[in-house]
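Both of the next two complexes hold chain A, though its partner changes from chain B to chain C.
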Partner chain A sequence: MQIIINERYYDFKKGETILQIAKRHGIEIPTLCYHSMLKPEGRCRVCLVSANGKIVTSCDTLAEKGMHVVTNSKKLQKMRKKAVDLIASSVEPQTLKEDNELTRVMKKVGLKKPSYRHHKILKSDKSSNAIWRNNNKCIACGRCVQFCEKIQSVNAITFSGRGNRMVVEGVGGEELASTSCVSCGQCSLVCPTNAITEAKSIARMERMLRNKKKLKIVQIAPSVRVSIGESFGLKAGEIVTGKIVSALHKLGFDVVFDTNFSADLTIMEEATEFVERIKEKRLPLFTSCCPAWIDFCCEFFPEFVKNLSTTKSPQQMMGAMIKTYYAKKRNINAKNIVSVSIMPCTAKKKEASLKEMRSSNAGKQDIDLVLTTRELAELLKRKKIDLKKMKPMKFNDPLGESSGAGSIFGASGGVMEAALRTAYFLLEGKELKNADIKQLRGERGIKEFKIKIRGKKIRTAVAHGLSNARLLLERIRSGEKFDFVEVMACPGGCIGGGGQPKPSDWSVLKARIQAIYEIDKRKKIRKSHKNPSIKKVYSEFLKEPASEKARKLLHRHYPLKGKTI
Partner chain B sequence: MKEESLLFKSNLSGLKAALSKNPSSVIKIVKKSGLRGRGGAGFPTGLKWELCAKAKGEHLVLCNADEGEPGTFKDKLIITKAALNLIEGIIIACHAIKAKNALIYLRGEYSYLIPTLKKAIRKTEPFLKKKKISIGIILGQGAYICGDETAILNSIEGKRPEPRKKPPYPAIHGLYGKPTLINNVETLAMIPLIFLKKFDATKRLCSFSGDLKNAGVFEIREGKQIGKLVEKAEPIGIPKALCFGASGGIIPYDPCMPLTEKNIRDRGAWLGACSIIVINHAHSIVELCESIQKFFVHESCGYCAPCREGNERILEILKRISHSEGTMHDLKELEELCDFVSKASFCALGKSAPLHVITALRHFKEEFVRRCR
Partner chain C sequence: MIAKKVLLNELGKEQKKKGFVSKKKLKEIAKNVCLPESEVFSAATFYSFLSLEKRAKHIIQVCNCPSSHLHGSDRIMKYLEKKLKVKAGHATKNKLFFLSETSCVGLCDKAPAIIIDGKPYVKVNEKKIDKILRKLK
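Take a look at the complex of A and B:
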């Protein structure tokens, strides 16, 4: 079938929208509320085109055979400008001074400043320690609401009020902290005007960096190294591990550790727990690296809380090790350490502030501060540090060495793959021949894989995106049997985390996933239990996986009902 | 003219006549009658029935009794005086499209009419039992947007009353995704008359209000001179303009104009649900526009940007002009903005919201200019 766009013929398939066809052929139509991962709702009316002489939105109008579409007439340009003008006039003027999707669209349609005066002053919501909302910047595009409802099935935020009094709010008019919000931060990732952001820690970070008395230690999550380059003009999936290390040193950090190391540590503990649970028949075991998933499980599926692994997440394991093992090793009081983590995630901010995350006797949190990937990029830019020009450096010892297994934590299916590599060794006594488990990779919402270990079939499943997790849990609830289940709250896993650089869509996520597996491929050591630094930590300090000390420092508890507080 | 005489009461005879025929011939008869939707859009009723009957799935009938257009009160009269006609129409519709469930979405302010409706439903009990049909009543919560057939669906499903994208049309993919036949009260009340051969497609009910001594519902014949109709309603003062509800636009009063949809369309306005508000010379058109605009700013659902933000800005400009603070630049801006909102909005509410300003600027521009600096 063919469609005519600007007097040229283009092929299309049934069910395609005008915008999809135009995008494929490089015909520029400005959009604002449209997001490729969501169903088009046609709220902003910026993508107007004329189809058979009728003005329609191209994002939600299906192409028809022989349809005559015009995308760039004077009249349409004027209308688009008006649409953007009305939207730009409704936000607080500060928003228009920043670089965001709205200001970029303003440039595209040639609007310098809005024609109407802004006069609404609305409340902002800083109740959550992971996510902040400022309704004065909101353009009611509906992306956050749709993402929360359709992709995450959390329904924490919704529209309330009508007409020009319509705002995005916590359901029932509640503050975000009192809703079912699991802090995944996908709303902040898709927000075109930064009305929803992570709970900002940059100012505190800068203060801490100025403090000369303290030893400043930072760790980087597995997925940050494949995404932060995008904020500096590099293409998605560019691996910049060494450059971040040197940039962090330049910012003023004394020691840079790798969360990949503690991911290896997590695998040691989790695989051991899995082996134990097989013996005790307490299955399935759910992974516990993702704090948003833990919140989701506690909130919506409390009967499965007993199935959550008790191992802490890599971030918290590293936090605990820094303020105990490393402090002892350097002979320094844990009180004089500032421990910072760079995470792709907003929920990690909340996790770090949990009361039980205090394993050192210093009385403070194991992790003092969490920055998202976006925040780190902003901080570097503020300090005029260009990541691209940095000379690569290595992580510090002894918590900087990692295996390939630790690095794939960043992609959905990675934790399971890494855990199976070690669990196979623990159960079978010999190494898994092919370390690659391709069945657990890729973008399918729910991935299943069966492996025979010691004559027993181990059934594993991986879900990413909480609506997929919900589907999987419903299946388990209705009797389907699994032994080991990995869940990541964000689509694609941590590489699609709520704190990652914008914009984010599947093409970007795929590039990041590819880079994650590239890092694994390049590593000589690809199994956690083979990591020499891990062996050293156990022999010097922890003794063995699940030892008394390991239980105290590397494991946690869950409240039986309700959210983790 | 007395209101009672407007409606020919069927007293179940129309229903009996219709039920004796098979569904496809019922649809054929309705199609042939020339009846068109009386809610405003004027879609041929028989065609809608046919489309819905052909769709696969469990069919539903939904009566739109959320009469929210300012100046419209004909449905209220029908339910008060001839609820049985309406119920008969609903049962015939159920019979025609083979639906077992029907709902009446009643305007919240009409809650006192529930007993009347229930009484009429009880009267048709034997027919309902025989055809295994149940009729329920759902009370609206007061949003004007729920007059839109797709917003009604969201409202019943417990969602925000926001319009849905069409297509798919409700007749194919409606309430909970089922094929749903949505008809206005007046449309359904006319159905039994068709089967008694008492139906006249050129006649319809018209709500007259405004500067009139004898405001009320009148049965009018299309093509009759508007002056004669207004005379019957006894105007106060000299009429200056006619306003067709809030969304239909404002046109100058011309007593010789025959009341036809074409004549009104030619003047840029829209007859809609047939409500005529007569405005006399004591009123300023600018102030009238301002007050109608306040209504739309209040009733916009907020879904799309042009209606949500645009209507507010239109009101701002109208306020400036009405307070004699406007400029000629404002007037131009007003024209552009109204044009934009009427073309770019998502649903019929947004698209028709600025119509009153557009028509007022076309016919009464000097009133605006006089107030501008």
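Take a look at the complex of A and C:
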């Protein structure tokens, strides 16, 4: 079938919208509320085109055979400009001074200043430790609501009211902290005007960096190194590990550690726990690296809380190790350490502030401050540090060495793959021949994989995106049997986390996933139990996986009902 | 789709019975009609005939559709605000009257229209309002 766009013929398949066809062939139509991962709703009226002489929104109009589409007549330009004008008039003037999707669309349609002013004055919501909302910047595009409902199935925010009084609110008009919000932050990732952001800690970070008396230690999550380049104009999936390390040193950090190391540590503990659980027949075991998933499980499926692994997330393990093992090694009081982590995630901010995460006995949290990838990029730009021009440096010892298994934590299926590499060794007594488990990779919502260990079939499943997790849990509830289940709250895993650079869609996520597996491929050591630094930590400090000390520092408890805070 | 049809019915019943739909009831209804609480809340705030808290004894709603506008619903609203000493969207101090706007009530041919406690009054003017309000007190 063919369609005529701007006097030229283009092929299309049934069910495609006009916008999809135009995008595929590089014809530009400005869009604002449209997001490729969501169902188009045609709210903003910016993507107007004329189809057979009728003005329609191209995002939700299906193409028809022989349809005559014009994308850029004078009349359309005028209408688009007016649509953007009305939207721009409805937000706080401050919003238009920032660089966001709205201002970029304004430039595209040639609008300098809004002609009207009718913005709302509402209270902003800073109740949550992870996510802040400012309704005065909101243009009611509905992306966040749809993401929360359709992709995460959390339903924490929704529209209330009607017409020009319609606002996005927590369910029941409540503040975000008292709704079912699990802090995954996907809403902040898709917001075109930064009305929803992470709970900002840049100001606190700058204050901490000025403090010369304290030892400043920072750790970088596996998925930050493949995404932060995007904020500096590099293409998605560019690996900039060494450059971030030197940029962080330049910012004023004394020591830079790798969260991949503590990911290896997580695998040691988790695989050991899995082996124990097989013996005790307390299955399935759910992974516990994702704090948003933990909140989701506690809130919506409290009967499965007993199945959650008790191991802490890599961030918290590193936090505990820095303020105990490393402090002892350097002969320094843990109170004089400032421990910061760079995460792709908003929920990690909340996790770090939990009362439980104080196992180092320094009287303070194990992790003092969490910055998202976006925040780090902003901070670097503020200090005029160009990531592209940095000379690559290596991580500091002893918590900087990692295996390939630790680095794939960033992608969905990675934790499972890494855990199976070690669990196979623990159960079978010999190494897994081929370390790549391709069945656990890819973008399918739920991935299943069976592996034979000691003549017994181990059934594993991986889900990403909380609506997929909900489906999987419903299946388990209705009697389906699994032994080991990994869940990541965000689509694609941590590389698609709520704190990652914008814009984010599947093409970007795929490039990041590819980069993650590339890092794994390049590593000589690809299994956590082979990492010499891990061996050293166990021989010097922790003794063995799941020892008394490891239990105290590296494991946690869960509330039986409701969220963690 | 069935759930959504039932939803409005359920919300309407509760509104009629108690004069408002409490947050607790919202949760209950959501469970009964198998919809997420967010959707039920969204629907309840969309309609001006539903409310989430007790408003007042008498509820006065002024139609704000274009037809009523052309016939001076603005003037009527201002008159009511002055007379009852409240702003639109609020209740009087003695909790006797609640004044608000409503979207089109389908009486465009007899504009301006107001609705008091669910009963429509058409072609209203200041005199007519005085008369109606006197009866209500």
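Points to keep in mind about this one:
Basically, the second predicted complex is superposed on the first by the 563 of 565 C-alpha atoms of A that agree within 3 Å, B and C clash if a C-alpha of one lies under 4 Å from a C-alpha of the other, contacts with A are read in each partner's own complex, and residues count from 1 in each chain.
Throughout what follows, a contact is a pair of C-beta atoms (placed from the backbone, for glycine too) under 8 Å apart; a residue touches a chain by one contact, two chains touch by 3 or more.
Predicted model only: the values in this text are computed from it and were never measured.
On the superposed chain A, the positions of chain B and chain C overlap enough to count as a clash. Touch criterion met: A:Gly163 reaches chain B and chain C at once.
Using the contact criterion defined above for the overlaid structures, shared-chain residue A:Gly42 touches chain B, although it does not reach chain C. Of the two partner chains, neither chain B nor chain C is touched by A:Pro302. When the two structures are aligned on the shared chain, A:Gly172 is found in touch with chain C, with no touch to chain B. Legend: residue contacts after superposition of the two complexes on their common chain; A:Asn155 is shown touching chain C, with no touch to chain B. Judged by the number of chain A residues each one touches, B leads among chain B and chain C.
Applying the stated contact rule after C-alpha superposition, one finds that A:Lys82 touches chain B and leaves chain C untouched. In the superposition on chain A, A:Gly252 contacts neither chain B nor chain C. In the superposition on chain A, the residues of chain A contacting both chain B and chain C are 158-159, 161-163. Those residues of chain B that touch chain A in the shared complex are 143, 145, 160, 165, 297-306, 308-313, 316, 333, 336-337, 340, 343-346.
Residue ranges of chain A in contact with chain C, taken from their complex: 148-149, 155-163, 171-173.
Touching chain B in their complex are the following residues of chain A: 42-45, 48, 55, 60, 79, 82-83, 86-87, 89-90, 115-116, 139-140, 158-159, 161-166.
Chain C contributes residues 23, 26, 36-39, 41-42, 45-48, 52, 103 to its touches with chain A in the complex.
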